[in-house]
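Here come two complexes built around chain A, the first alongside chain B, the second alongside chain C.
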Partner chain A sequence: MTAESVLSIQGKRSSGTPVRTENVIAASSVANIVKSSLGPVGLDKMIVDDVGDVTVTNDGATILKLLEVEHPAARVLVELAQLQDEEVGDGTTSVVIIAAELLKVADELVKQKIHPTSIIAGYKLACKEACRYIQNNLTMNTDELGRDCIVAAAKTSMSSKVISIDSDFFANMVVDAAMAVRTSDGKGGYKYPIKAVNILKAHGRSATESAIINGYALNCTVASHAMTKKITNAKIACLDFSLNKEKMKLGIQVLVNDPAKLEAIRQREADITKERIEKILKAGANVILTTGGIDDLCLKYFVEAGAMAVRRCKKSDLKRIAKATGATFLTTLCNLEGEESFEPTYLGEAAEVTQERVCDDELILIKGTSARTASSLILRGPNDFYCDEMERSLHDALCVVKRVLESSSIVCGGGSVEAALSVYLESFATSLSSREQLAIGAFAQSLLLKDATDLVPKLRAYHHSSQIKTEHSQLKYYGLDLIEGQVRDNKKVGVFEPTLSKLKQLKFATEAAITILRIDDMIKLEQEPSKESGYQQALKSGQLG
Partner chain B sequence: MECWRKDIELSSVVVQCRSLVSVLEGCLGPCGKAVLLEKAGCVIITKDGMELLSHLEVCDPLVSIVVRGVLDHTRVLGDGCKATLFLLHRLLSSLDTHVPQNSGTMQGIRRQRLIQIVQQIRNHVLGVVQRDVIKYGAQVYPLNSFEVFSHLLHNSAEDFFITKFSKLIARNLARLFSTYISCVCSSSRELVKLIKDLAIKAHTAVVEIYHMPLMMSHVLHGFVVTRNFRYLHRGMKFNKVCCAWWSMNLEEEEEEGLPRATIETSLREILVGGILIKRNSVERSLAHLSSLGTELVFSSLHFPDWAVSLCAKYGISLLDSVDGDERDFLAERLGVLPIMEERDVHPGVLRSIDKIEPLNLGTCRFMQLSGLGVHQILLCGPTPAQCRQFSACFLQFFRYLSSWVADCVDFSQSSDIYTCDAAAAAGCRDSFSPPFSPDELPRCELSPVLTEAHSSAPTSPTTVAMFFTVPHGGYGELLAKYLVSENISVNIKNTIIKSVVLDVFNELPSLLYRKSQFSQKSYVEFQTKLFSNFTELRNNNQVMLSHMLKDNRFRGYHNPFLLFKLLNCVLHLAEYLLRIECIVPAKQRISQRTRHCSSDSESE
Partner chain C sequence: MLGGGQPIIVLNQNTKRESGRKVQLQNINAGKMIADVIRTCLGPRSMLKMLMDPMGGVVMTNDGNAILREITVQHPAAKHMIEIARTQDEEVGDGTSSVVILAGEMLAVAEQYLEQNMHPLIIIQAYRQALDHALEALKDTLSVPIDINDDTQMTEVIKSCIGTKFLGQYGDLACGMALRAVRTVATTDESGRREIDVKKWARIEKIPGGAIEESCVLDGIMINKDVTHAKMSRKVENPRIILLDCPLEYKKGESQTSVEMTAETDFTRLLQIEEEHVKELCADILALRPDVVITEKGVSDLAQHYLVKAGVTCLRRVKKSDNNRLARACGATICNRTEELKESDVGTQAGLFEVKKIGDEYFTFITKCQDPKACTVLLRGPSKDILNEVERNLQDALGVARNLALEPRLVPGGGAVDMAVSNFLQQKAKGVSGVRQWPYSALAQALEVIPRTLAQNCGANIIRVLTALRAKHASGATSWGVDGEMGELADMNKLKIWEPLAVKEQVYKTAVETAVLLLRIDDIVSGSKKAKDGGEGARLPLTWEAWNKRGNLPKNIVH
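Then we have the complex of A and B:
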């Protein structure tokens, strides 16, 4: 078997074992980067880029995103983390580590002359079997356990993050925020669009002074001091265009031969915007939020009408506000006939819009929104980095809460599921008579990778007896307590993770591992060397010397 | 194949912090010396930690995080920049020495242990010690007595400014401040509101005047517009001036690539008319204004010369290019509507100002408006840089006061300290007599300050807003140290945690005493004397631990909450730093490494 051969075109081809080994090494090097940030004893990474910008984080997906991995196999793992982040929001570190471990074990098997396809088949079977086992035996229904277990799940997600010490405080905050944005999906169930939870950051003060606010908080102030700062029964218009004096567009040239007409043009320019504002105000709007600017001339009309106008809002904010209040997010006033009009139906409603001072900052609060409820979290922290990391951690926790609430099923965390699965799969592997059993055994093996070497056998013993003897079935909830260094009942302590997160982790990791395993040939095309300039050639050939 | 990474050793962080501390150490406290900082030919002389830190350029990413964190925090609290750094350095170095690095244990496990210590201090020690320091050591004054409150503020202002400037300057600044508050406020409620307002917008209180000695500073009744007349009409009277606010655009905005209407003509009149079109419309508005009796036009825009001459033509005095903050203030106070277009000129836009007069001080020519019901501090400084330092210091002081008052109000609501007797409510006193049982309390009316400050929060009617102070000179720290070492407020079983806490509390006093020529030995002697004094007092069942030692070392008024706020921030930051395990450069090329490895295997 030739390991490397030079292609006839510019490039390099390598195939067989070296490729696979190289891929596996690349994958495990990626996993090694994030490995030490897993779990409650994990530490943070500080990522410094060439400009000197600093990110400090514990989130696997964020770390990998910032690293800019180039190796194709390693890229698969990075994308895997991103996928998990989008689908579940939590467990990004775990999924990378599981996938890398699966690959490592598979590589061993290949070296023992087992064909990759058998390994792939075995992995597929094992993954299916594991998911089935989780769903049948290990899940718990949240309805039986109540709110406490949701808070506990949020706490579990935070335990590895910087806010772990105040997890009680933040977990309750997160659950409250998620509950506040509950909407019905029309089929008797509920949805929790966590994007409706607005997270604002303000540095200074300590983390425990963070606050949850009912209603939507907007980090802007009213455009003019003369405006009223409180409006009840607000009718809100959300606009995505500037209310500036209209200017003639590029490429238009108007030739006039009377200065009075010039002035008329100028007057008309001002009037176009004025008419627009009048249309909006006539429809009954008294709060106008826009992503663009409002110039001083146009502000005057709003002041005179006693309305509140806010300029330079963020587009994403306005979209959410439009959703929450039932307003239409307008990019233009033109209707189908090509005329400008503003219907009262475009307006959203809220009980109250006020400008309030919350923690040293003036914010606009929209309370009592009519279509949906909204909530906002204001985070405080000693510096920007801290706030950023808090935001990431809270986002993960919000995702977890959302998954738990939507699926209303959880499993125990702290390695309990992994241990149970590994014990189960090992016994399952012996029941098969094909070559796949080696692969399934390997799958089982790879699930056990937590550091505490002396604890894992103990944990496995517990799980083994729980699966064999019915009277010991409670033992299946046992997991690791890494801080005290012992095995404990994680159900009692309240270490929970959403089932969905675990299932997706297994599925994604298996798929990624399979993708990489299937590769046995790599062709790398090299860039043509750029032609050197005449000067450099001359220099080289010594003509200048 | 390993990804490149640099593990962060705790000891190296301590060394980095040490270098920062050594820069700032010299200027701590009232005896501190100013630092001269030269940056690109520009010289800054300051004792202010915030100014120094923000001018230092820190390259190390970890230390720059620390610096930014400290600056952010100080910006909210107003004071304690240097103290935060010192405390952080002491905490980290103490952790480093007390928790030895075993070669056997992993870095992560040692870090986790350190983080646990930090968390335990934050959760179990800090709150209790704060409560007890205030219980045993704080002087308590009622907030609702204006005389006492303003006297306290005067003293604390002097103490605050002494840490930034020389004694003479500090006395002057403090005098200015108390004159200002006595002019503006007549009750505590107003004072609390004023302090809260000033914390966000100090510029309404302070006007900088350059090239004048500080001695010339005074408090002025009225509002100063930091602009001179652009044009002053000779016949203008200065009382009951009728004025208008001009916001109509005067300059043509020329934008790149935007074509505009063009006049195509050969007739001379039309051409001239076209050129003068803007001028004519401005002239019409001014003529209209003048016919309405306007004598003065304010504007935040710049008036070009032709517009000034138009004003002259209609006998309207002009004050243009008014600063944005001043414009907002005036617009709010006068309720004046700006003139945006020709149609806006009508009698409704005119306002009358009681009195307006030019103010000539030093090299500054400003305008003073009276009748707006405001006072301002005219802050003189020999050089612009110094003047700016003074006013920045005022801003910091307002922030410091605002957080102090807010903390006092919070504390008297939330904790069990609000037990007080009638004497406390009636007037100032120095000692806090026992017992602390709520039953024996007379029911006090809710002070007006509280309702003002916390109108949203429901308050129980028995609480009195109290003002808590501790003396300067490390009294709070030493008391805290005593309380911890004698296991009075909290019994820390873990010896490591205890020694770390004691180390941290010891940091500031020891620095201060080193400053005032105490040798290490005499400092320890002093400390033992103080502690034995405390014990004696406690044995006599006195709850208040006096700060009056024989030689009367402690005096002044200081925010007792500040130390704990700073410590809280320090512990947050320390935990944050401890969690960082390694530095990973972003955008490192893993593929290059791979190629490198494969080439290795090739060579094999």
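Then we have the complex of A and C:
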């Protein structure tokens, strides 16, 4: 099994069945780790890193990212979860579990002397067939179901998370937030850039006191206490330069002959900034946001003009604010003539800008932006860990809402799709004559991984009759109610998932399973023995002596 | 065997993973442990704790948050418990001990249900439901409104809050101080929004020496500075004050400049310019006829000379925050460029400027301000450690006063409200369907921990007191609680022990949500990320064998 001497390099090589078995075991142990966090009765994991920082989470991708998996095949699954997270944002746990299950049944088939390539071919066929079946038979259009179903989809995504008990509250919040950032893509459709939903966390109070703000919340305070804390009909200037004393760039020297001119230079330094501020204020700005600093000596001008100036805002925040208010994000005041000027058109508008106290912090809220609506969520919770987990959960839910709104098609959750596919694929498999039949059968089998032994057959029976008899077609929406442990109509109860999420899950899981199945040989190189740095080696060998 | 007898290493060898029931029980234990540390700090008969940090510093306190901040814990769940004390402190400023004790108790009562194989989610649902009902009860039936302009009422409430603390012996004094400080800094902006920022506008200054009774709230500001020049006058009545944040000395420009001198006179001219500049600065200031000039930056000897000549007192290098408070107290605007000084920038609301020597240090008092919007709370006391504790107590009192000003509703203290809510929930529990009923009533039981601990800390017979209290509440006397001094039952209406509603609400919310978070965890993975050395070599590698041994073998893998 291990043939060390054959290789010219130091390392271990193993091939054939042991490798495959090993990979499968590694994959299933990864799946086992996340398994208990799936579904509405799933629980959380607590991950402590070596510094002692704690993360509490239910999100598959986050768990696996923090786990530091070493086994190469298991790493494929970790990356799979990451991929699902990036592409869809939700369903990261499911995708890992499906992939591991696919591998496990494939391993059984290989043991029965079926060549991996036939299994791969079968899997590919089955995946294609499954996707087709979902799209043709199982999807529902959100337009006919209305807002309720979008909220329901968000609720489904949250059901396994720490906020599940207040999912009604949060689901509505998430849908409102997603609606608020709706933008037209120019082709008659709409896009929902959920990144534009700003999520801020502040510990204190209770989770249910989290709030959605129709506007943009900025985690900064005004530069001087003397400034006004509230401005209505705000004209906002977004600047990407400091309003500091003007200073020459490094290396530039000014040589003067007349000592009196030195004084003039000094005077000028202070005046340049003053003139700039005057230009900005003259254009009508009363809220000035900048990524750079504002010198103390300049603050007085803003205070006297009754304007609000905020320094050291994050650039990404400012860009979004500029978009939302219709302001121009300025990196310099220079115009084409080489002069400095500030046009009133550069200003953005908002109905109200206020500084409000949240917890022990002050936040700047920009409400009623003119160009585009923006939204921010302020999350409250007993401690930072709770807030972090809430943020992750809400992010997932936002992704789900975005997918549902963009594709406007959903499927039933709670294992209903999986059961339907399993039944369908099994009957499909019998219609094939080749050896792929077995693989498709296996694919079908692996979709039914969700436990509860007595419920699954019942569910299968429902789905079978729904596919055979047309009058029972309503039964295809049946899924599991895991809290009560019953089979029920998930369409009625409102357990929905975006179609896209399901399709991607199937596709990604199949691809990952195929990748791992194709491996029949593993070479592991040993670490180079020398741990000393080049310098130490050189010192030892006397090269430096 | 599998993999040729070799263990298959999936995770990093340095990580340690524990899961299932064990983790849940561990978390509960950690929570209880932290609660036990704090337990004796509740109530009027509470004791101080002396904490020593590795550097040899000493903290003496009975403030829950201050204690927990100082102790270092390993267990992640225990860290959660410590965090909630901090949250409580930041949000309302009081009730830090109660929240930790309550959260610990809520975890403890959940333990038996976990052992009976009840799913954590059912417990959690019951807890959340109970919390909602408890909050409703607090708001609707158990709380009473208070008139915040009524001094005697307000003092009573603040007194019952600091009654448990070191400062309790000086009750009236401390209450008066807290109330006055909060009233001073309270402002209402145009939209009617009340803003009370104690942290920013009321500074607590501690000067060791003297007696605690000498502490007071100034109607103005005190700063730990002396005048810059010995000849400047140390006492000015009705001063005109100018606040600056620029240096009164020559400062070079920021760009790199060099002067090429050709003529001999150029050099003297250069020096002259510097002097002229300072002279101009002083002339600008003097044009406004100030009596006191205070700047955040330095003042050169030359500028001092000009100022002394004009009979102006000058202070330098005050802190930015002090300067801001000064501006609020005396009505001045902080100015940066002296040539832009205007009459309106001068502060005239202060009645007295005086430099006093206390101990061997000089302190500047700017007092007798008309309608000051900022103030200094001056604390005196025998030693630094005691002063620190007094400061913490006063912070709590300030927190209570602030909360009341923002939400003027009260609940009876001394464990009375906890008992009342507990009683209310016990009755509601009968209407809860299913298994959920048990954890629901368990939460009600957990609330009894507050009166129980109060009784315990004053050495009363816990069982007798508690049963008697339960009986009282069952007969509808919701304002009865435990008198923490005597260990007897008492009507809190008569004893006048009250707590702000905001504090109690926050305690319940935080405690329940923390318990919920900890109960949801069924797996702890520790030591992830690059562990740099093998120092903790005793950790179990997560190998196939190790799993096998612990019986964690995945069920669905075929051998």
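What to note about this one:
Here is the rule we go by: the second predicted complex is superposed on the first by the 444 of 545 C-alpha atoms of A that agree within 3 Å, B and C clash if a C-alpha of one lies under 4 Å from a C-alpha of the other, contacts with A are read in each partner's own complex, and residues count from 1 in each chain.
Definition applied: contacts are C-beta pairs under 8 Å (C-beta built on N, C-alpha and C of every residue); 3 or more make two chains touch, one makes a residue touch a chain.
All figures in this text were calculated on a predicted structure; none of them were measured in a lab.
In the superposition on chain A, A:I272 makes contact with neither chain B nor chain C.
Once the two complexes are overlaid on the shared chain, A:F385 sits against chain B and chain C alike. Contacts of A:I25 after superposition on the shared chain: both chain B and chain C are touched. By the document's definition of touching, neither partner reaches A:A351: not chain B, not chain C. Contacts of A:I523 after superposition: neither chain B nor chain C is touched.
Residue contacts after overlaying the shared chain place A:C334 against neither chain B nor chain C.
On chain A, the patch touched by chain B and the patch touched by chain C overlap at residues 18, 22, 25-26, 29-30, 32-33, 36, 41, 43-50, 52, 54, 56, 58, 66-71, 74, 162, 165, 203-207, 225-226, 247-248, 252-260, 262-263, 265, 270, 296-297, 300, 303, 360, 381-386, 483.
Of all residues in chain A, only 1-2, 14, 18, 21-22, 25-26, 28-30, 32-33, 36, 40-41, 43-52, 54, 56, 58, 66-71, 74, 104, 108, 162, 164-166, 203-207, 225-226, 229-230, 245-248, 252-260, 262-263, 265-266, 269-270, 296-300, 303, 357, 359-360, 381-386, 389, 483 touch chain C in the complex they form.
Contact residues on chain B toward chain A in their complex (touch as defined above): 1-3, 5, 8, 59, 61-62, 64-65, 68-69, 72-73, 75-77, 108-109, 111-112, 116, 119, 122-123, 199-200, 247, 255, 257-265, 267, 270, 273-274, 277, 281, 328, 331-332, 335, 337-338, 340-341, 344, 565, 568-569, 572-573, 575-576, 579-594, 597-598, 601-602.
Considering their complex, residues 2-4, 8-15, 17, 19, 23, 27, 74, 76-77, 79-80, 83-84, 86-87, 90-91, 119-121, 124-125, 128, 189-191, 195, 197, 199-200, 245-246, 252-262, 266, 269-270, 273, 277, 324, 327-328, 333-337, 340, 506, 509-511, 513-514, 516-517, 520-532, 544, 547, 554, 556-558 of chain C touch chain A. Residues of chain A touching chain B in their complex: 4, 18, 22, 25-26, 29-30, 32-33, 36-37, 41-50, 52, 54-56, 58, 63, 66-71, 74, 162, 165, 203-207, 225-226, 247-248, 250-263, 265, 270, 296-297, 300, 303, 360, 381-386, 483.
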